[in-house]
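Once you scroll down, you'll see the structures, which are given as structure tokens.
Presented sequentially are two complexes of chain A, the first with chain B as partner and the second with chain C.
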Partner chain A sequence: MKCVIPGVNIKVFGRAIHALSKIGEELYIEPLAHGLALRTVNSSRSAYACFLFSPTFFQHYDDGTPPISDQDSDDAIRCKIAIKSCLTVFKSMSNVEKTVEKCQITLNVQKARLVFKLYCKHGIVKTHNLAFIECETLQAVFSKDMCPNQLTAQPRLLCDTVINFQSNQEEVSLIVSPEKITFKNYVDDEPDPSKVVHTALNLDPDEFDNCQIGVDTDITFCLKEFRAVLAFAEITAMPLNIKFETSGRPIVLSIDADSAFEANFVLATLAESHSQTGNSSNATTQQRTASTGSRSYASRGRLNRGRSQNQSNNYTNSNHNRFPDRNKSSNDADLMDDDFDDEILVPNIARAASVPETNTKQSHTGKAFPPCSSRSSLNTSSQDDRPSPVIQPTLHQSVLEDVHAADDDEDEDMPVPGTPPQKKFRSMFFGMSQASSAVSQETQDQNGSRSHRQVLVEDTDEEEED
Partner chain B sequence: MRFRGKIADIGCIQHFTRIIGTLSKLIKVCVLRITPSNWYFILSEKLVSGGVHIWCELPQGHFFDEYALEGVSEEANEIFLELAPENLTRALKTAQNAKWIKIKLTKKHSPCLTFEVDLPTLSSHSRTVVHDIPVTVIPRRHWEDYEEPEVPQFDVTIAMPQLKILKNVVDKMKNLSNYVILSANQNGEMKLMVETDMVSVSTHFRDLVNPVNKDRVPSSQSSDAPEPDPHQFAEARIDIRKFAQFLTGQQVNPTKVICNIAKKKVVHFFLLHDDVSLQYFMPVVSS
Partner chain C sequence: MALLTQHDDSENHYVMLAKLDNVRNVSNILKAIHFKETATLFASSLGIKVTVEDSKCVQANAFIQEGVFHYFNVKDEQITFKINLTVFLECLTIFGSTSMPGISTSLKMCYAGYGCPLVLVLEEEGVLTDCTIKTLEPDEVLDFNFCSSNVINKVIMKSECLKEAFSELDMTSDVLQILMSPDPPYFRLSTFGNAGSTHSDFPKDSDMIESFTCTQTKTNRYKISLLKPSVKALGLSTRVSIRTDNRGFLSLQYMIKNEDGQVCFVEYYCAPDEDEDDEES
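And now, the complex of A and B:
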């Protein structure tokens, strides 16, 4: 892969990296025939960002696939790098914009380096050699076309809106009806809602370039990622398209700069209540699992463990030796989203633990969109450590204790104690599955819940013996 | 109990924001007393928790274009609310170019002071943001806890040098000791001193003004007491962190800052800016 970004486009490219860095910690780079894809996903897997820079964006673009070989071959190199290292290349954007005349990006497979060469004024050339890791494609499954609600806004409008919220505000709710669009800060049950400032801002639909509201709805999503999207949109000054359905379904933000590049951001929205989303999605996910599926990985199973465990496991699987802290952070995110705190007792834990079993079974039959938590269908998460010789599970001790089980492919169904219970942000975009406690309950009933409770206890003991 | 007010002048909005900003730097939680003529922000700490008293007085006519108050009863036409000034600051953050701000006492999920801000827009649409700031209504039986603090007999009254200069000095001294000895005399001299086992640092200010004591600032020169020596320094040992915080938090440029020292009792800072006044009582710490 080799591409050259002309000076005029460096600003957009650099700002894209900045936006990505505010969302995820790893940058997935994939050169495609129709452009260079940069993607990331956040640590709690509730936000995904994808930029696709088309060949016309570049002065020169070569995706690096051999011209003769068939298109379907998996030979193309996909890699990921720590976003922080890439950020250093574009650290001071004002400086980069002023001095850099062109930027060349090459993938040096022999040396396993991604090379950024900045050709600056006065013949100065800055070269950054970044170590990368080979990985699978990061791909979120989402659809933009079927959304009943669509808004198009100038970034300025949304920036002016968002600035009214406190900087420590985690989530924002968007309440839409054909008459008005309201942004509110989302207040969780804790701390006491009566001790928190409530902020609401109404916008007239006329203030939007386009406002199509098919379904009155109320969705809640993370403000941090939304701010990152807006920061990028404001730089490009291009209208932002917002497409969404109802609570629990993802919101897709996109910027389409005619032919030059395309940016899509998918944010999970909060499910209204924990039992609500299940029934309808259950059927669809089951169908999906049945109808799809091609290859199976042993590791798939462990991904399909209960939502609660799934997350931290993913982390360990892909990142254990480099970012042990992330495990913690993802757990924190879980805690934040956890809505079961007050009601969770032993039977509930048992239920949560029984989810993985059933899901695992399902997922062995069908792969592409495993029914459980959507983040499990994120292709990379389970596999990206296997093709790479660089990361092998070596530092188990450095990660949280829960991880021991996760590293072992064999005991897939072992619940991980100490991991947080089910999340509210369950309806991720990946795999379109909205499996929830309703699914788990149903499956649990089929399989007999008591035995699962037994299993929980046994497994826990086993793990302690480890 | 009802209250509603509207501030429509941009200058007033900004001035109001700066005052609230200053307060939020000084205190986490304070009491807002609303009377027909004034707004008061009051902090009265118990002696065990530091003993700092703050009394900030805003004449409402200076800020509000509309002002309607219906207090607890006819004869006690006042409202006492406990709130976090920080929340007010946040609500006012985007109000700097607002066309108007409406402030209302509302009952939503809990008693709230609702700030309705009309934001500026490029288009013709009006865009309002509503902040509901939770407050606690203070029952009448507790009102007496928030009376204006009694001003003791001061030994020395002196106009302070520029707060910015003082801040720089105090910030350096903060690294040396936890306490600063603030002393001044009636001869226009003021001294800041920190003492440790290793070092003693003092900064002297000269040619300051000793305002003539008026009714608000009673002096020690009562008729029966002997005239004290104007060169005699009155000393007060105070918590340097609190002092630094007080100096750092200043967002209004007060026209006058007066420091009153009552030996072994209290240091009283009196800030005056237009009609707004802020009094800060800092207890003396015995060594």
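And now, the complex of A and C:
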């Protein structure tokens, strides 16, 4: 891999590194035929960022794959480096912007070094040889295109909004309706809510370049990462697209600079209610197994039928989600859940993450489920999340272990190891591809291995559709 | 100006008496070597030299020639005492260290001889401050025995570009490696940190390089923690001379222009890191 960034683009590149450094600790670098991908994920895996710099962004771009082999082959080297070390290259952005005339990045496989060469004014050359680790692709599974809620805003507007929150504020809620958009600080487990500062900012939809609210909703996500995104967006002065659905589903922030680069940030949102999802996935187990084959078609059709219907459905859903009703018949829940799944072709991560809890419930309440059936229910629910099995490896394993443990020892109060923490972002939606253990785990299920492939297929389908 | 005309009779017993209108001309240059608590001050009829040392490996000297002062008189051949530099600087900047247009602090500095305190009288806008700082028994200072005849490689360059290189030094590296050579890469600063290695190359024909006289390829390593303080001097300077001798000792000379356009010098000497000692000599 070898690429040269011209002077005018170094600012954007450097700022991108800075933005990534505020989200994750490791930088995943992957030279692709259609550009250089820089990705990171935060330690709790609740935030993911991806920059794709297209070949036109560079003065020279060579992804390094031999021309004969096809681009999907695994010959290309993917690597990760500590983001801190990369940050030393672009430590002082004001200096870099002033002095650097071009920057050459090469991947030296023989020496196992990623080399940044900064050609500065007065003929000074700075070379940084950074150690890297070969790794697999980091890929979050998300969809930007099916979201009922879409906002486009100038970064200035959002920066001015966010600046009003206290610096130690961890999460922020975004409450949207077609009439108004509200940003509010999220107050978590404070015994007396009157003792904390509540900040809410109402924005008029007119203030946004584009404001399309299909579903009234209320989502909560981390402010730290959001700030990092905004800082980058402000530098580039390019409008920020925000796409989201309901609580528990990721919010996708994106910047698309024509053909030069695109940036996507995926942030987990807080899942407000757990019991609802638990019940429903429990009940739908059997139905799922039966209908998995045709699911994607069904969902397609549903989507084609029209947006409004979906939106109203989704609306009720989100309401239920927020105010779980334990008296609801499981059948009802089942249907709802189906709707939920159909809505989103690209699977939901929050659901996957809630699986462990589901199973815990099973072992607690209905002991009729033998271990194997709960395993199959697991696999089917992963089937629902079809495009995402890539990400699940560790989760699945830990889930299985949990189930066994709970079955063996029928103590109701036993704390289940591996159960996600009670609070916060339960949606763990990312993972490395080809985690071998996960794949083998999945092949136990007849559909498991197929699902892996379907990821790719579905994704491209979606793109074509749009 | 008031100070210059006062106390003419009582000043006779001082072995050192110095007066100047703008104290910042002295305080700024002392800041450039302020990386240790105590300093040794030498005064002769030529001016004042202040020396700071660390670990018996690095030595910084600031020279304030008598021309910087409006009045400068040293009765003895040489006066030597040790002083707490931190306190000395605090006193010198007692009216604030930032410059305000049209306002300057004037200074009178007196020393009555061995065992006596250093007396500072500062005046700004009619406000007077008297400071008395205890002096200490002087230690022997290191003699690096750095002769210009033994110098092998010498580069003089504008400070500007070196400032950046020094301020961005990877402090996870133990050493700073300096390569000077008549052949490419001519002048290279390298660090070897946790993240990997970094090299900054300065070609000899760069317009930042004013003079380039290298006779042999020499690579020497210096403890980065010892060299890092020199960034203070670098920041104030306009020009820097980098020299290494046959033993690998490093001399950094900084040319610092004060607010009145006078030129002062600060120099750093540093011994090479042991591992590389005598390797190529």
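As a working rule, the second predicted complex is superposed on the first by the 275 of 466 C-alpha atoms of A that agree within 3 Å, B and C clash if a C-alpha of one lies under 4 Å from a C-alpha of the other, contacts with A are read in each partner's own complex, and residues count from 1 in each chain.
Please note the rule applied: a contact is a pair of C-beta atoms (placed from the backbone, for glycine too) under 8 Å apart; a residue touches a chain by one contact, two chains touch by 3 or more.
Not measured: the values here are computed from a predicted model.
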Superposed partners chain B and chain C on chain A - clash or fit: fit
Touched partner set for A:215, first chain B, second chain C, both or neither: neither
Partner chain(s) touched by A:84 [first = chain B, second = chain C, both, neither]: second
Touched partner set for A:33, first chain B, second chain C, both or neither: neither
Chain B versus chain C as contact partner of A:8, first or second or both or neither: neither
Touching partner for A:201 - first (chain B), second (chain C), both, neither: first
First (chain B), second (chain C), both or neither touched by A:92: second
Which superposed partner A:124 touches (first chain B, second chain C, both, neither): second
After fitting on chain A: smallest Cα gap, chain B-chain C, Å: 8
Common interface positions of chain A, toward chain B and toward chain C: none
Touching residues on chain C, where the partner in the complex is chain A: 161, 164-165, 167-168, 170, 185, 193-203, 205-208
Contact set on chain A toward chain C in their complex: 81-82, 84-86, 88, 91-92, 95, 99, 113, 120-131
Chain B-facing residues of chain A, complex: 156, 160, 163-164, 166, 193-204, 206-207
Complex contacts: residues of chain B adjacent to chain A: 87, 90-91, 93-94, 108-110, 112, 119, 121-123, 125, 127-134
